[in-house]
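So, here come the structures, one by one.
The same subunit A turns up in both complexes below, where it pairs with subunit B and then with subunit C.
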Partner chain A sequence: MIPHNETMMLKTPFYSRCLAACEINMWEDWKGYTTPQAYTSVEQEYFAVRSNTGVFDISPMIKYRFTGPDAGAYLNRLVTRDIRKIGVGRVAYTVWCDDNGQVMDDGTIFHLAENDYRLCAYARCLDWLMWSAEGFDVTIVDETAEVAALAVQGPTSCAIFKNMGFDGIENLKPFGLTRYPFEGSEVMISRTGFTGDLGYEIWVDPSLAETFWDRLFEAGKHREIRPIGGHALEMLRTEAGFVQAGVDFIPAEESVRTGRSRSPFELGLGWLVSFDKPVFNGRKALLKEKKEGSRYAFVYLDVEGNKPAEYAFIYDGDKQVGTVTTAAWCPTAKTNIAFAQVDAKYGKPGQELVTEIYYDRELKWTRVMAKCTVIESAVFNPPRKRQTPAPDF
Partner chain B sequence: MIDLNKNYDVIVVGGGHNGLICATYLAKSGRKVLVIEANQSLGGASATSEFSDQFSVSSCAHWLFQLNPDVASDMGLNKQGLELAARDLNTIALAEDGNHLIIDGDELEGAGISDEDRVAFVAFNKQILKFSKLLSGAFNRRAPKLVEGNLTDRITLAKLGLGMKMLGKADMSDLMRLALINIYDVMEENFDNDLLKAAISLDSLLGSHMGPRSPNTVYGYLYRRMGDIYGFNGPAVVKGGMGAVGEAMAKAARASGVDIEVDTAVSKINIDIDRATGVTLADGRVVDSGLVVSNADPKTTFNKLVGLTNIETGIARRVKSVRMKGDAAKLHIALDSLPTFTGLSEKQVGQRLLIAPTMNYIEKAFNHSKYGEYSTAPAMDISIPTTHDASLAPAGKHVMSVIVQFTPYELKGGWNDENKEAFKQLVIDRIADYAPDLKDKIVASELLTPADLEERFHIHGGHWHHGEISLDQILTMRPFPGASQYGTSVDGLFLCGAGTHPGGGVMGLAGHNAAKEIIKRGKSA
Partner chain C sequence: MKKYDAIIVGAGHNGLTNAAYLAKAGLDVLVLEKNAYIGGATVSRELYPNWKYSNCSYVCSLLRPEIIRDLELPRHGLQVVPYGGGVTFKENGDYLGAHADHERMLRELARHSKRDASAYERYEADVMKQTRLIRPFLMRTPPDPTSLKPRDLKELSVLAKSFGSMGEEALADTMRFWTMSIGDFLDEYFESDVIKAHLAGSGIIGTALGVYSPGTAYVLLHHYMGDVDGSVGAWGFARGGMGAVSAALSASFQSFGGTIQCDAEVAQIIVKNGKAKGVALANGDELYADIVVSNLDPKRTFLKIMDEGDLPADVVKKAKNFKIRGSSGKLNIALDGLPTFTGLPKDSPLCLGEKHFSDSLQKMERAYDEWKDGTWSKDPYVDMLIPTQIDPTMAPPGKHMMSVFVQYAPPKIHGGDWTAEDKAGFEKTVIDQISNYSPDFKDLILHCETRTPQDIENEVGLTEGNIFMGELTFDQLLFNRPFPGYAQYRGPVKGMYMCSSGTHPGGGVMAAPGANAAREILMDLKLTNTVPGGYDDD
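Moving on to the complex of A and B:
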């Protein structure tokens, strides 16, 4: 048990190392854990991932473990993707919905072994998971505090792992997972991440966390390995086109006002919905939506100029047709990108719209009406993300 | 009989009275209907069974007092042989000293009743029946959804709203006030006589898991008095026991072309991803149909027949949350001759007899069941039907049927033969306080705890009403939001039992309304 009554902010298993590295002492609250927003400079950390390797402590990510004869069937009813197609040793990105087909959260499912899965989520949802377990022979455990995890992301990440002695890691395919002996125990490595780059996530027992960190940074010191904080990750995921729960959509169970939640189709995640499988949460509502149409469309916008279109309204002529949820200047793609929600009839790729951007220069607020174009896909998508064997830089 | 070549439009799972009523209306609308019943007899909890050699009794419900007259007439129940052995009986609240209170419609006698109470009782009845009458307008139609603004639903809501306005300012504010408080407080406001207050309180909570001080008991009382709106001026005894109601309904159903298969359990409602396609029987046979209508309670329907893994989490959560733990047992006693109740004439022994001396007596009895114990001084509703209908027992002999209120479904340590026997003796002792020669006349006896009722009638929790009748589980919340207009989240699967609006009791409107809804939806059902 986590002693909430004794601890205002929890510390991750890597806390001592994060603390030592966090030169500018910028911390934030991530689901009750204190984690660095930045260690030295956001730009340096961003470029570490795009040019070398950045290390992000993902231990606070909510992790549930599902075991038992019905674990697979249980998850298949819970989430929108067809879990039957995710073999042992594979990882799948998915969303899960309430009965109204509204997205509760997105995350990844790790098929660890026969009848053994892990779900990584943004939000705690044990109550929903337990309600969903009625009638299934499945055991559900919140193992957030029992697993230490790091994202090791960037072009040199594979080479660093090879330096650590993880032979053959280059052959791990995207969304695959593998295990290596480590200090008399084991480390699990998955080729997954939230940066859109070549990269891995590692999963170890918390008792080995500090040792792993030390060995990793030792192995990577000649390849400019560097810890990164939440701010750099935000730039990275925007460039890579990944939506973020709580930012790009309100988890259905957290939304208070009617109509504020979104379906997978309305988040551009329709490809995660499989109607070819038995009943799953939201199926009926999503079938109806597919037939009758969605309320909103999710779009990537390429915005003119270099001012991030944060919180901007989007217009078609005089008509306001949507709002921006995420916006950033993306240094590698050299694009001013925005994620937006627009009315369903807008948002065809190539369509031109206008964003209303406010910015200040020394307390003088200015407005620009910047043209923007709907683009088909994320702006950063390098071949190394997919290449197997993974390239060595 | 099942005719597999018939291509049934509708299969009704369960031949309870609501299932038979629903089936009959659907058959009359031209649909090919099959009713499948697990037990030998039809009628569900409206049943008669022989519990000892040649002694029979209504084994669950024992009074008829709420049957909707339109349903009875549409079914032609009189023509099908339904006869009442007695009707409009008095309710007699027993006092240990023999100074009983006799309730005969608006009239009160005995128990030192004061003139003030007599006057207050007339006024109380008048107001309660006004409220029940208002509610009855929403009973014979589907419960209106509040949000979607469907015309039919709007009319129902408008009728209810207008009806409330028409009550007048004083009654309207009284209704809104009373509906949310408890019967104990209402009794204290109106009456002085302990027996009267206790008798009305008992009526407000019979069969439920509530005491007089529990919220929702006033609604329970309005629900009970719906019988008055339907032409009953007190309970009736059915000739041949309550099973005769089921038999008459089965005859009506068959006469309308319904096929009925008894002694055949349905093990599963078959679902092809989104749609019910028929049923699988316990013997493995599969019967296909266009629609499946479940007369089973919502928990049995979804937990056992559909399977919680085959519906979405939100619905599974709602099924799980339905409150339906029965708290009433049935005691059946075979008697060598009619027992003598202190202070009652032989004729009066055939009336409805209550053992509930005070409201606190009932509340204390409830306390036990709250903590998983059986009550050491339970409240009771006693019927000796053989005083009106000799057919239930050998000549000159009698049967006594007792509803024992506050017998928990889940007893601490579980119901076993030993504690069942102990409880049965305790109940008999308690009745013997009022009828001293009772024990000498007992030939045989049988106690059915809520757990036994569950097993015998396939009702989850042994709850007569297939779910507590309370404000959180009525109208559009019955059995739960999302299944309140008889349709469910599974296309082609409907509910028609007491768990749906308006609720239980041998009333018949749930089955009636479900059929009307299916007919109304036509091809889209």
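Moving on to the complex of A and C:
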């Protein structure tokens, strides 16, 4: 089913429920779908995920389905990660590159069954998927509109699923997926997410979307469940250290100007590149880069003070060596964090740099040169994210 | 016998903060705690199975973000979750709701007085001017105005510059603000009784003064000058109760190699030849260190665990005259479900915040009159919260924990000790008052911990049960806290220091006194400072 073209904005399968809950009437355009930026208060929605449970409608995520005898081999050729190691019932985060080793997008691959996979992505890429499929016996279908999906994230999310009757869900490991009967059909649940917290994503037929939402919120009544919008998610993913396509990098295929795209190494995602595989898109270029060095480094910066380093230039002495792509004061980690692109030689943990931050106080703009330090990893990383069995709160 | 570099008396949040910064600087630090558990008044305890109470302090805003970040308290398990809303119930069945959303708040105020709704914006800006003045001094040592030392002169000039930058009119307002009553201050903005009553609470909480007593306007500021993630004046819950704050501080301290010993009551700070040498425990053990830091209030420090003979006479006199008056009690209640409040839907966002039942300044002043008369208020001011509406860790799902701060309650009843009957009467007064506004409340009570000021003194060690370790009036603030001449955390004996809420910038779970004291100690030891500077609001 191809979404129709008669209205300006598309509605997700959860739209009626989102609309009813969206008190402050703030909506945004996500790949043509109208989705809430916030429902009641960004702050409360952010904290729902860190203390209770927040629900985010991820239905507009671009979703492709791969079936056929060569599906696995095909994906292994497409992406940088070694998909052979991802068994049935497992999920893998990965990137895929063009032939120049430049990142086209990042996303997750779900190994649904033997010779059956789903890819969730930020950007549409069917054309590239088809090109890469030459010579493989694989069927590729865009199923974006055929699957309704919610991210159910936060420390009480497992307890809520147990309340819904999903027995044994606590034993699902991070990046695992499982299925439960639901209203005569089934719901697929994966322990995945974009918040860095304990959490799950659920995948269900659009006809069951509203029922699922209602049952979920009923089960979460005593667990302080609340829907969250895009603004809260942005804070959550920043604190968790996740890069966002279109913000922290430009998908290679969308990039117009020379040199604006980035390789996995330049995004701190070198761990996703598996040179053990004899062939995959971009391998040759990436091997060359590995040998000769990258142009840029992606870094997490711990910025002194409490002013977010949004859009800031980064200096080493007088020399401008990079720019910030994402910046925020992290409310749980209580740290002023920034993601930045710097010249490769400045990317080592412990490196001290300076960010040039502009901010206004009652219409008076001020500049502060704040010291910052390159840090190894994201600042939010609670044990409950990994614990199996998952805790109740 | 082993000698430590420093011994801290009392494992409250300031003691732990002080200890963490000393340990971070490389010192071998021992914290001694009289109770079997750490935290002092920053504590969560399970007194009823599966319920956790924040037994004393119950909300979090003042805790300095610089310290949370620097000591990596989030990594050590601390999560502060803000709450919005609040409501003052009126005797006539109506209420005043304090909404987190600004426009909604103004509409609610306008329901009670259109003029007050407009004045509220002027009020907010004026209060913000005062917080902006005080906040930069929270992480600084107060200058001694009588000293000619370069550092004091420099700090005095910083202070003068801040005042000076306010402009003539605002400066005049400031001088009045610091000395006037919260009632008089609010009268300058508002006409509605319930609006004034709602806002006045912050001016009296924790202090043995009434809404028309001079000095209470500043106490309001003390409740507004904190922030949650830069939102000045916002308050939050520590996830897991306030004990999560001390647990994280203790984990941070121990990550620097520090040691905590519980069930170790200090009987005496040992002084030899005018120098601190260590402490003697109640059980007779002696422990040695050249640095001894007291996290007890000034009265307990100088009159209980120090020998008068070791102290200058003026310190003894000042300690005896230090104003630390018990004014409040607390009920911690386990509830079988969420109580209903007359006139408000259960899912109203207002219910997530504080609830009060005093709808006029007159009532609050009458409540104070009873304290002066030596008994608890029969229609008390309460600050009541149900943190389990936000925090899932403190009670089973669907069940709730209620924290009720109650004012006024005197340290002694008509000059005598609280009896069991007095305590039962106090508890009944509070429960009856809440029941007047919540018909199903009584039936939901599973367990109640009632704490009189006397209980708080006996268990926590706060003299008279005063939650701030000394009144927050101008005669006991800044360079006057605890006493003039002793506001820079150094005691009258070499090697002896103070780090409690009895020092600048005062009470509340702020941790600034502990950090500021550590900076002074490290300076005296000529060690590198480990204490961060304050964030700048501008």
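As a working rule, the second predicted complex is superposed on the first by the 390 of 393 C-alpha atoms of A that agree within 3 Å, B and C clash if a C-alpha of one lies under 4 Å from a C-alpha of the other, contacts with A are read in each partner's own complex, and residues count from 1 in each chain.
As a convention for this text, a residue touches a chain if its C-beta (ideal position, glycine included) is under 8 Å from a C-beta of that chain, and two chains touch if they have at least 3 such contacts.
Every value quoted in this text rests on a predicted model; they were computed, and no experiment measured them.
Peer 1: Is A:Arg118 touching the first partner subunit B, the second partner subunit C, both, or neither of them?
Peer 2: neither
Peer 1: Per the contact definition in the header, classify A:Phe47: touching subunit B only (first), subunit C only (second), both, or neither.
Peer 2: second
Peer 1: Once the structures are superposed on A, label A:Arg191 by its partner contacts, choosing first (subunit B), second (subunit C), both or neither.
Peer 2: After superposing on A, A:Arg191 lies clear of both subunit B and subunit C.
Peer 1: For A:Arg237, decide between first (touching subunit B), second (touching subunit C), both and neither.
Peer 2: It touches nothing on subunit B or subunit C.
Peer 1: Of the two partner chains, subunit B (first) and subunit C (second), which one does A:Gly282 touch, if any: first, second, both, or neither?
Peer 2: A:Gly282 contacts subunit B only, not subunit C.
Peer 1: With both complexes overlaid on chain A, does A:Arg65 touch subunit B (first), subunit C (second), both or neither?
Peer 2: A:Arg65 sits against neither subunit B nor subunit C.
Peer 1: Subunit A residues touched by both subunit B and subunit C?
Peer 2: On subunit A, no residue contacts both subunit B in one structure and subunit C in the other.
Peer 1: Give every residue of subunit A touching subunit C within the complex, in rising order.
Peer 2: My answer: residues 40-41, 43-44, 47, 50-52, 155-156, 159, 222-224, 305-306, 329, 331-335, 361, 366, 379-380, 393.
Peer 1: Under the definition above, what is the set of subunit A residues touching subunit B in their complex?
Peer 2: 70, 73-74, 77-78, 98-100, 128, 131-132, 134-136, 278-284, 287
Peer 1: Quick one: which bits of subunit B touch subunit A in the complex? Just the residue numbers, please.
Peer 2: Touch list, subunit B to subunit A: 271, 273-274, 303, 307-317, 320, 482, 489.
Peer 1: Contact residues on subunit C for subunit A in the complex?
Peer 2: Listed in rising order, the residues of subunit C that touch subunit A are 65, 68-69, 73-75, 79, 81-82, 84, 100-101, 228-231, 239, 349, 389-393, 397-398, 535-536, 538.
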